[in-house]
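To keep things simple, chains are lettered A, B, C, D and E as they appear, and every chain counts its residues starting from 1.
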Amino acid sequence: MHRTLITWLQAAPLAVILLGFLVAPIIMIVIVSFWGATEFSIYPDFQLENYKFLFSSPVTYKVFFVTFKYAFITWALTLTIGFTVAYFLAFHIRSQTTQIALFLLCTIPFWTSNIIRMISWIPFLGRNGIANQTLISWGVIDAPLDWLLYSDFSVILAFVHLYTLFMVVPIFNTMMRIDKSLLEAARDAGASGFQTLCHLIIPLTKPGIMIGSIFVLTLVMGDFITVRFMSGSQKANVGRLISNDIALLQYPSAAATAVVLLCTVLIMIAIMLRFVNIRKEL
Amino acid sequence: MEKRPRSFYVLASFFGLFILFLYGPTLTIAILSFQGPKGGLTFPMNGVSLHWFRDLFEQQAVGDIWGAFRRSLLLGFMVMITTVVGSVMAGLAFRKRFAGSSVLFYLAITSLVIPSILISLGVGLIFNQLGFRVHWATSGFGSQLTWTLPFGLLIMFAVFNRFDKSYEEAARDQGASSWQTIRFVVVPIIAPSLIGVALFGFTLSYDEFARTLLTAGSYNTLPLEIFGMTTNVTTPVIYALGTLTTLFSLGVIGFFLLTFWLIGKRRARFGSDAGKGL
Amino acid sequence: QEIKDITLRQFGTGVSNLNDVANKVKEDLGFTLAMTALDSDSVTQRAATQPDSFDIADIEYWICKKVWPTGNLQAMDTSKIANYDKIVGIFKSGKLTPESEIAQGTAPHSVGFVDGPDGNSFADEETGWMTLIPTIYNADTLGIRPDLINRPINNWSELLNPEFKGKASILDISSIGIMDMAMVCESMGEIQYADKGNMTREEIDKTFAIFTEAKQNGQFRAFWKSFDESVNLMAAGEVVIQSMWSPAITAVKSRGIPCVYQPLEEGYRSWGGGIGLSKSLSGMELDAAYEYINWYLDGWVGGYLMRQGYYSAVPETSKNHMSENEWGYWFEGKQATGDITSPTGDVLAKAGETRDGGSFYDRMGSVACWNAVMDENQYMVRKWNEFIAS
Amino acid sequence: MRTGYDLELVHLTKRYGETVAVRDLNHIFNAGSYVCLLGPSGCGKSSTLRMIAGHESVSDGSIVLDGLDVSHLPPAKRGTAMMFQNYALFPHLSVRDNVAFSLRMKGVDKPTRYGQANELLELVDMSDYADRLPDQLSGGQQQRVALARALITKPKVLLLDEPLSALDPFLRVRMRAELKRIQRELGITFIHVTHGQDEALALADVMVVMNNAVIEQAGSARDIFNAPRTEFVARFMGGHNVISLDGSKVALRADAVAMADHGLSATVTGVEFQGAHVAMTATTEGGEEILALLPEETFYHSPKNPGDVVSLAWDEGRLHRLQA
Amino acid sequence: MRTGYDLELVHLTKRYGETVAVRDLNHIFNAGSYVCLLGPSGCGKSSTLRMIAGHESVSDGSIVLDGLDVSHLPPAKRGTAMMFQNYALFPHLSVRDNVAFSLRMKGVDKPTRYGQANELLELVDMSDYADRLPDQLSGGQQQRVALARALITKPKVLLLDEPLSALDPFLRVRMRAELKRIQRELGITFIHVTHGQDEALALADVMVVMNNAVIEQAGSARDIFNAPRTEFVARFMGGHNVISLDGSKVALRADAVAMADHGLSATVTGVEFQGAHVAMTATTEGGEEILALLPEETFYHSPKNPGDVVSLAWDEGRLHRLQA
């Protein structure tokens, strides 16, 4: 029918791009994960070697564990911070102009380069960086704190710095759509501020929390560059494992790791999507 | 003014700290970019000068910042336009039911959550196996779209969720064809959101690193160049670059805000009876 | 087509992909050289997987060992290289002087020649067909911050000395890093390698065991991938001892921070780089490429590189582009008679100072091993990955 | 009023999946009449209107306008125009551009279309606001603009879906007089969907009462009010009592019920003051609820309160038998 | 009705920046009465109500309930409860949980609070829907739930802000009877904000007409309708003509105007059928517009159309002098 055809045509650009640059690459990765590799090239094959190595190496489990650890801690922190900030903006700022201005203030760094934002931590956290110098001059510490940089701490700090906005934005959006009269109704029913938060605001903000969580979790789980930068190459997550393999031309091995990572992420997201209808909540 | 509860002050302080956290490092490098000619990447400051900004406009020992900037700008515009057009079209399509719509939707979600490096890897592999040449304007462009298009699509869902269908019916009633309806009614009404999509498309591309890493080919885009610089450059020129890019972003946002403000002012010209019982 | 319309795309590490070179090429030869600087891994990757993305590959010899078999490069006819005869012996016979011993690892000459224009396997001696035209090389050792260490350092084993816990670093490039590790382990007396450049699995395991333990004990501050990172680590005081490259030391010093390129008893770990041509290069572009190579070996670049602390493959021609003071300081290991400046004009040494490690022959004569790609490379690479992730 | 008929619905049916929204409607709307389509929520009013307008496809049957089957024509080709409930004014266009929109779509040049738009703005008394944007207008002003926009296509039939529901009660009464005036001036058919009985009574030349996807009764407002055909219509129109008498149902207008010394005894359950009248509800011993609309003076002569027992009486001639 | 007074507003004032939304209100609401707060949009009704509820701070003056100044107590401590315009039901909670919400906040255990919630759902006849979520309910059903939720706190005063405006006219009439019934059963004070005059007339024991931030008139519905004090009240209540007579204004009820053989001659401008009555507007030669509410039979005995000239007459005794 004519109208269906038009609809398909409208969906075509998206479909074509996704087929060419998402589906095909995924298929390719799956295929290549069964291939073999030499020092310098890959050759078609069907071998389970890559998976065997992956699942037999204790490093794999360790790295997956680290990946989850980063994801979880970052998620918990960005959620706490993001929720608090969004809550403050949505419910404590009365003038809409101020609200918009402060919200913009939060989002501006989001529009600037991630890499620049990341490296800007280095002069701050280094052994002779501002943080250490300040703490020493205040007499809080005698010797520089080494764990400020090139550590789990700095990795997570950078993640939180980069990705909290992905929490603030959807949570703030959902909060802004909460009918203010619901809050009055709760107050009318004698709910304290804390009770209103627990029984009303958190449940009603769930969709925003879910969307933010999906973004943060996937960004952290797929990251390889932040971990490399902020840990001084000393830590590894799955992304780095893949990128190291790629760097060393071990594509089949990278592909196998990628397949496992992809499945992990997709399963997580599938579970999360059960709790929120993204299309309706936007 | 009504009295504020104590929680307000606690939260306001928290918010202040958060802003400090967001901006602190950027300010740090902004300060460091004014190092003297002998200054390094870290404190203490070694003199104060505009040396590194001047340096930025001269050729660097390695690399080609301005070439990368031009490519990123061009790629950003390509991605921006494709994203706007593609997501509007897809958004229109998704308003109707069509065979494959839910598959496409889940693909878009997958595209959004898939670790970027996998796109980079997969696209690189395919181009390689098919014997195509990777180039920022082909493979890089496509790879970036897998991130910006779904993003744009989600925004379009949000837009069309709030879009009153009766506008279109009114247009059809007034004799507009389907195309005229889109051209003269739908697009102008959603235009402000499209500016948002465009801004997203542009900056997501302008700043995209992971998806371009293995798909950009011979010539670096700006993020790749900056990344290269972080390993190749040992001078505060990189901070000068960071400061400039940040200022550039601020300029872009300021421009949009100013535009909205001016439009608002122009509209207020004729006064308003809105909300009055007339 | 005119020569000035030709653009050759060259990529390589930041070490030698210098815009000054491209500018000079434009000036002297008329065509355009488009430079892309990448880290070592990206360089390998691009050379091996994106043959269409370059015309000229500025790579290291051990990378060549990986890349050559892909067929992405074409062999070069030495008869078209004007200064071929003047290229130092290291790249031809493997010997610096006739009496030198060939060091362990992937020595440049061992991957420098193939049988003919379409040769697949490396030849043992000069054949007239080169894989890479040598351009730049050096002998690496540990760099230290004497002001923060305050005592002499004489052995590779010092890298793992607990005294420097949290203040040491090595590089995260497996083929290079593994050689540094081997130097350290040997110096510690922990392992006696049959051939550091071609370890057995047991040797590899043992080496990583030692380093993994050190890593877990917090010996390392960070790992670095490009020499500039090493500069930043050293200059910022994050690290006081690390495997380092010569110009990195120079860069630290040029900021007024004391830094020594420390000669060690066990000798140096050496590396060499060269220029390779893409298989697809032909016609005028190919001619231009040869022209470029000849120009490269003609001395201007050599002088430029030497002033950074590297060595040129054809030292004689470089001499013409250097002052006597410079030549004496950089090549002969003599005291400087005046200020020694970098190509960008920074003062690196004042009159009376000498170069760490002495003359060209002292330094290149005590090379213990070359960066290597070993038979068990794939195994080693996996272990390396594990080490980084551990 | 012409004698020829103009808009005809023939076996018109609309199904949404399983739901039948409009079932086999047959009706002729006289040209130039003000028709109100009235009925409870979900009875199919909007669906009917939207099928006439062409915004909803016809599942079965046809729509004939001026002798031409328009069931499958696009909206703009039918000779109808629609005014939407929330007006659907294009927010990015000025009032004048909104009104001139359909001419622009036809490619009419600017001076001509602005000329016509200005005429229509004159008609709805909005000339002074031609340069404003819709959201700078009050509800009533927006409504006038929407009307002007609908009329510029010179439709034979104007379709209005709850045009007054977004206005406050005060304004609603004013705007409905306006609508009626304009309809009379132009002499075209207005089909106006509402679920307000008073609105329909006040406006309609012809009222069409729908329920459960079918037309329950159609006729002049007075006919319907005075002679509801079914219990549903009687109850829905309000102001009627439905009483069981001899096994069948009869309607009795509430203003026909009076308090008397002798009559049906009933207990007062509610008293609502309505200005000129008082609406008193009382329950008979038989359990039937009866509404009496009593003139204010009469009632307050001897006011009653809930719980009081009263005697109710009426003129038998006012009883009106209902269909089952 | 008790004699003691219960809710008192003393010099109550609300300012938003420059705007004075409520100016120096003084009023006593009798306990147990059904009060309607009536007035045009923006006159300060909601602000007044929300100050009483505690959702808006008092700028000046105080609110005294049962002898206690509650002006600065939190909403839940005042003995008031509010029913919101769009009901503000918690969308994520079932009907039962909505109703039991305030008990849950107090820490009442589940069986007890569900027991009480069920009782209230019984009262509003919603027991069958206890497990549904709010958006699975129709407007009228939601309204009942909101009512039950407000009542579970056993308030002395229930505050309702336009509780019926979201409903369709049919339902509105039914629900208002329901509200009145429940108010009477519970015997507590209801303060009901509306801008529908008929709604206020029908429900109110006491009507408070506001305009421009002040109370224009308060009293029983009948008093206000029969004796509007100002021109504003007369016009706002509707059903009145305001005529200039000897330089001052008088009000004349529309149902007091009749057609006569001799009288004021006027030209008919509009005729609206209203069921039992016909509302006829006519313009006198002096240019004054007069509304006559004529019994249907009388009118249709000799029906008039716009343009006809009629003679209007009334009993001089029905003229009611207005304050300036």
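The rule is short, and it goes like this: a residue touches a chain if its C-beta (ideal position, glycine included) is under 8 Å from a C-beta of that chain, and two chains touch if they have at least 3 such contacts.
What you are looking at is a predicted structure, and each value in this text was computed from that prediction instead of being measured.
Colleague: Among the chains, which one keeps its Cα centre farthest from the Cα centre of subunit D?
Modeller: It is C.
Colleague: Of the pairs A-C and A-B, which shows more C-beta pairs in contact?
Modeller: So, comparing the two chain pairs, more contacts are at A-B.
Colleague: Once the Cα atoms of subunit D and subunit E are superposed, what angle does the rotation have, between 0 and 180 degrees and to the nearest 5?
Modeller: For the C-alpha superposition of subunit D onto subunit E, the angle is 175 degrees.
Colleague: Which one of the chains is closest to the middle, using the mean of its C-alpha atoms?
Modeller: Central chain: B.
Colleague: Could you tell me the distance, in whole angstrom, between the mean C-alpha positions of subunit A and subunit D?
Modeller: Computed from C-alpha means, the inter-chain centre distance equals 56 Å.
Colleague: Mind checking the centre-to-centre distance between subunit A and subunit E? Centres are C-alpha means, answer in whole Å.
Modeller: 54
Colleague: Roughly how far is subunit A from subunit B, going centre to centre by Cα mean, in whole Å?
Modeller: Spacing between the chain centres: roughly 17 Å.
Colleague: Could you check subunit C for residues that touch two or more other chains and list them?
Modeller: Expected reply: 45, 49, 225, 236.
Colleague: Residue numbers in subunit A touching 2 or more other chains?
Modeller: 126, 128, 246, in rising order.
Colleague: Which positions in subunit B are in touch with at least two other chains?
Modeller: In subunit B, residues 41-42, 214, 230, 277 touch at least two other chains, as defined above.
Colleague: Can you list the residues on subunit D that touch subunit B in the complex?
Modeller: Interface residues on the subunit D side: 53-55, 74-77, 80-82, 84-86, 88-93, 101-102, 104-106, 129, 131-133, 135-141, 149-150, 153, 168, 170-171.
Colleague: Taking the touch rule as given, give the residues of subunit A at its contact with subunit C in the complex, in rising order.
Modeller: 37-41, 53, 57, 59, 62-63, 66, 126-128, 146, 149-150, 231-236, 240-241, 244-250, 253
Colleague: Within their complex, state which residues of subunit A touch subunit E.
Modeller: It is residues 179, 181-182, 184-192, 195, 199-200, 203-204 of subunit A that touch subunit E.
Colleague: Looking at the complex, which residues from subunit C come into contact with subunit B?
Modeller: Contact set of subunit C toward subunit B: 9, 11, 14, 17-20, 23, 34-39, 45, 49-50, 52-54, 225-226, 228-229, 231-232, 235-236, 251, 255-256, 344.
Colleague: Which positions of subunit E touch subunit D when the two form their complex?
Modeller: That would be residues 40-41, 168-170, 173, 177, 180-181, 184, 195-198, 201-203, 221-222, 225-226, 236-239, 253-255, 270, 272-276, 279, 293, 296, 300, 306 of subunit E.
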